[in-house]
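In what follows, a structure is listed as structure tokens, so that the remarks can point back to it.
As written, the chains take the letters A, B and C, and residue 1 is the first residue of each chain.
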Amino acid sequence: MTRTLEATTTAPAAPSVGTRLRTLLFGRSAAIIALLVIVWIIASVSVDNFNTPNTLYFLILDVFPVLLIALPMTFVIITGEIDLSVASMVGLSSVTIGALFQAGVPVPAAVAAALVVGIVGGAVNGFLVTALGLPSLAVTIGSLALYRGIAVGILGTTAVTGFPDVFTDLVKERLFGRGTAIPTVLIVFIVLAIIAIVILHFTGTGRSTYAIGLNKEASAFSGINAGRLKFWFFVATGTVSALAGVFWTLRYDSARGDNAMGLELVVVAAVLVGGVSIFGGRGSLVGVIAGVLVIGALRSALRLADVSSDVINVATGLLLVVSVIVPSIITAIQRLVQRRRAAAAAS
Amino acid sequence: MSATTSRLAALVKRRETSVALAVIVVIVIATLFNSNFAFGSDGFRNLLLTPSILVLLAIAQAVVVITRNIDLSVSAVLGLSAYATGRMFTDWPGAPTILVIVLGILLGTGLGVINGLLVSVAKVPALVITLGTLYIYRGIDIAWAGSTRINASDLPSDFTAIGTGSLFGIPWLTVIALIAFAVLAYYLGYARSGRDLYAIGSNPDAAELYGLPVARRVFGTFVISGTLSGIAGVMYAARYATVSATAGSGMELDSVAAAVIGGVAIFGGSGTVLGAALGAVLLSTINRALPTVGIQDFWQQAVVGALIIGAIVLDRVLYTRAQRALTKERQSSSSEREGARS
Amino acid sequence: MTIPDTPPVLELRDVRKTFGSVVALDSGSLALSPGSIHALVGENGAGKSTLVKVIAGVHRRDSGSVTLAGSEVDFGSTADAKDAGIAVIYQEPTLFPDLTVAENVFMGRHPVRAGGAIDRHVMNEQTSALFERLGVSIDPSRQALGLSIADQQILEIAKAISLDARVLVMDEPTAALSGIEVKRLFTIARALRDEGRGIIFISHRFDEIFDLCDTVTVMRDGAYISTHNIDDVTPAEIVTRMVGRDVDTLFPKTEGTQPGDVVLSVENLGSPGTFSGITFTVREREIVGLAGLVGAGRSEIARAIFGIDDYASGVVRIDGNMLAKGNPRKAIAAGIGLVPEDRRQQGLIVDMSVARNMTLVIRRSLAKWGLMSSRSEYDRAHDGAAKLRVKAGSLESDAGTMSGGNQQKVVLAKWLATNPRLLIVDEPTRGIDVGTKAEVHRLLDELAQEGMAILMISSELPEVLGMSDRVLVVREGRLTAEFSRDEATSEAVMTAATRTEEAA
């Protein structure tokens, strides 16, 4: 009876095009894309050779591992967890390929084995975090040391090189022939990125991912199994990191235990710069991809400008700190303004 | 008698005891392989000397972690103050050694102040901030040093003497680490503001509600952490006498590992600097023992990783068991009550 | 008796506090005499908590005056309030679980030796002495982790005494206590009163208020209503002032419907330490009320049925089929919906948009070939919002920005979207305004008429009596009585909910 009362009076109206446009234009992802464009323009104008296909080609190859790992890392961080062991898994995957290749195993089989190692490594993290309820920060600092330790332990300081050209050329191939910008491997990323974007932004699983990060208890009351989802996200970071390890090994034709040392920090920095909240529940993949590219472009431009790689690290760190502080400052200002207004209204 | 036994039982149950025992076990095993490990001319000295720098970083980390924060920049602070110390000697010949030391330490303090301000004023999680400053400080270090390095010949002998000399057979560096440890242990255990740190880490909301000066205390822990890392940097320069831009890199994880292994809960509120210090001693000793027992030292990091994971799994198992015991206790007391009532 | 004679130790006049556009407290007034236990009553959302937080220094008032022992005060922090001699015991004690009991009492004010070192021996002894005075035995050197709620509250009181607080505020201290624990608390409260301290006591239980307090102040809709000498009023009069209307409002309950098949059947459900031997059924077209005191185990039973918590023994059946335990997803698939008691923590994700909250449970069925769009979510949410007349600026805004009543409608809409066979509602009208309350009641009745089985947990007796076809009473984890609609009177239900063992 009462429920059939005219709906129009009380039900909220559909958001106007203006509102949608505003969120689109002033949201976090938009800000980071704008930053990317600005960095790109400044670099093109002020740095010689920045805006050439070759630079872009190397830029993409350089950030490729970060691009890959940032995808599953985004899911992990949105659920309120973190995986610091990814770079170690790159190293372990690389060593797996190297050691097996050295023992005479054909490259495709070695690659498959490396991916299995990635799945297992991710599953171990996932098990410790979800089944035992341990804090992922501590667990993955442990597996960071463990996986890297196993990698370094197996190969020591030696490197395995001399992989067949078929494979090393494959990862360096350009999609549209000599002199063009797009490496063929980018297709791998594009496929994975589309899958990730669809899952995170257009499926129930994606909705659950955000829900877990925002309020674990309420999501349990909505029938969401946080443990299972997180477990698979850790498996995904392990697997994709192993894939990045395959790329790393073949690109540099070098399987070493210390490959990609410290890369976990670049990945986390890129995801956070891309607007994902370290507390979970917020962020988008478009922002993250833009975040990775901002860092990549910045590094590449500075390198071309003959700035040493160390100052580049300073820039990366500053970018990370600034990108997290600015929203904090904005909220603080908003709160201040609100308080002023309230005080003015009261008096 | 029962008080003594229960105190003894409590002592046995403490994490510090088991870590100390583990250190002894490692030393005994290594010494069985090679008696020089503990008894050789340099053996005993190294036993004390090797852990000192990591001990400083570990107790620095512990103070921060107890408040439910983390400082990943400790290794970069160490690197920067180590290089700055060396650089002051080369660029400023005839500088009073003590002044250089003080300035080197104060640089660490200053870097800690920056961390502290960013975390406590801007209210951004320490993990993110110190990850950023880890990059920044290390980057500044590398940019400043380039590929150059400080060599022993650049340093005055009275400075390097700190790294090699000893007091009653105990290396100076160990003495410094012990003093820093003792001061901090006293502060955390017996000063009101030190106890605040535990309260903040145990329940940050309650601490705020209770009126504890949360932001000021957290800021303070980062200053302590920076200062201790600065001391560690100066000690590093004195001990190794060669300082490159990568001095101490990766030690941020060792410091977290030492604290966690020593029983400092990663989410704050519990743990002691004694545990963290012992954790550091264990890690350093294992590191040195591996080649002695015939394992390539490449495996050292794997051992560290296994220890960290083992320690947190152990913590969880013990916690779950304690919780179960408490529930049972409460059930039996409530059924007693029922019985009494009927 | 004491009101006019002695000057108040704490007096609030027309205190106002707003958060953005929300007026949490419009004009709060209160005069607390020393040596008095002063009850503060009002419905949820009447502004009691905000008033307490202003007193405690958590919030700074926008306007109005607060005077403590005659002089105007304005606390900038909880530390200021504490220093001035005000101690607040919150509903959920705020302890430091990793620290010892004694340290929790003396945090920030530890007894020290010369030189500033904390003297743990003296601290433990002083704590023991405090506990002795309170007539309890808690080991001062044990960790606070694992203390029962009652002991935690004793600890908070010990803290207040050691501060020598002049004013003690207890915010629903008895909510989670058993009968004996309440008696112990009251003995302590009276002793403190006799020492000349002023106590503000917030409770929803009238028997307690009339047993313990000497004065009562009523609040409604963020404003002061009236203050009475406890001997001059009856519970009914207070309730009338609290709700601003007569108590016996008619509930929109359709009488004389015939219940259909059994939907939910619970057999011998048990979970050690929380409940045991729970057996009951809920049929189609039936509203079953689950009455009892807060903490009796009602919500825990609901959580176990829904699969949030595991249980040790017993069986849950839906339409005759056994339901796997510990699996909310299966419970939802079997046709159960649960509107939980804590709306902001459990019912909603306050930082998520209204539309997404409404469609979170049906996220899978909403997808086409596994894909979903904001559009489909929005349309579905729009239907739900229209049906329940949700008032929100935009379905895209965060659920946390809405009023309590609208939030509850969103939670209901979220579950109605699943077309449940059985709807469990836990405190469905807690903290929502009178108008929305009636709407929720009407909705529940309609749903039952349409064939849904409804299990309603409520601490409001009129609601239970007014809405239920049958009333089950839970006391200390056991079902102690079952009444038909005609048999269920407030006396009978209250007796079954509170009587002690000897009556059985």
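Simple rule for what comes next: contacts are C-beta pairs under 8 Å (C-beta built on N, C-alpha and C of every residue); 3 or more make two chains touch, one makes a residue touch a chain.
Quick caveat: nothing in here was measured; it's all calculated off a predicted structure.
Trainee: Need the most distant chain from subunit A, centre defined as the mean of C-alpha atoms.
Mentor: C
Trainee: Any idea whether A-C or B-C has more C-beta pairs in contact?
Mentor: A-C
Trainee: If you average the CA atoms of subunit A and of subunit B, how far apart do the two points sit, in angstrom?
Mentor: Spacing between the chain centres: roughly 30 Å.
Trainee: Take the average of all CA coordinates in subunit B, do the same for subunit C, and state the distance between these two points in whole angstrom.
Mentor: That gives a centre separation of 44 Å.
Trainee: Show which residues of subunit C lie in contact with subunit B when the two form their complex.
Mentor: 57-58, 77-82, 90, 94-99, 103, 107-110, 112, 116-118, 146, 148, 178, 180, 272-273, 500-502
Trainee: Across the complex, what residues on subunit A touch subunit C?
Mentor: Per the stated touch rule, the residues are 1-3, 5, 7, 10-15, 19, 23, 198, 202-204, 207-208, 210-211, 214-215, 217-225, 281, 338, 342-343, 345-347.
Trainee: Show me the residue ranges of subunit C that touch subunit A in the complex, using the header's touch definition.
Mentor: 16, 18-20, 62-63, 306, 308, 328-329, 331-332, 338, 340, 345-352, 354, 356, 359-361, 363-364, 366-367, 370-373, 378, 382, 385-396, 414, 439, 442-443, 446
Trainee: In the complex formed with subunit B, which residues of subunit A make contact?
Mentor: It comes out as residues 82, 128, 132-135, 137-139, 141-150, 152-153, 156-157, 257, 265, 268-269, 272, 278-279, 308-318, 320-321, 324-325, 328-329.
Trainee: In the complex, go through subunit B and note every residue touching subunit A.
Mentor: Residues 70, 118, 122-125, 127-129, 131-136, 138-143, 146, 245, 253, 256-257, 260, 266-267, 296, 298-306, 308-309, 312-313, 316.
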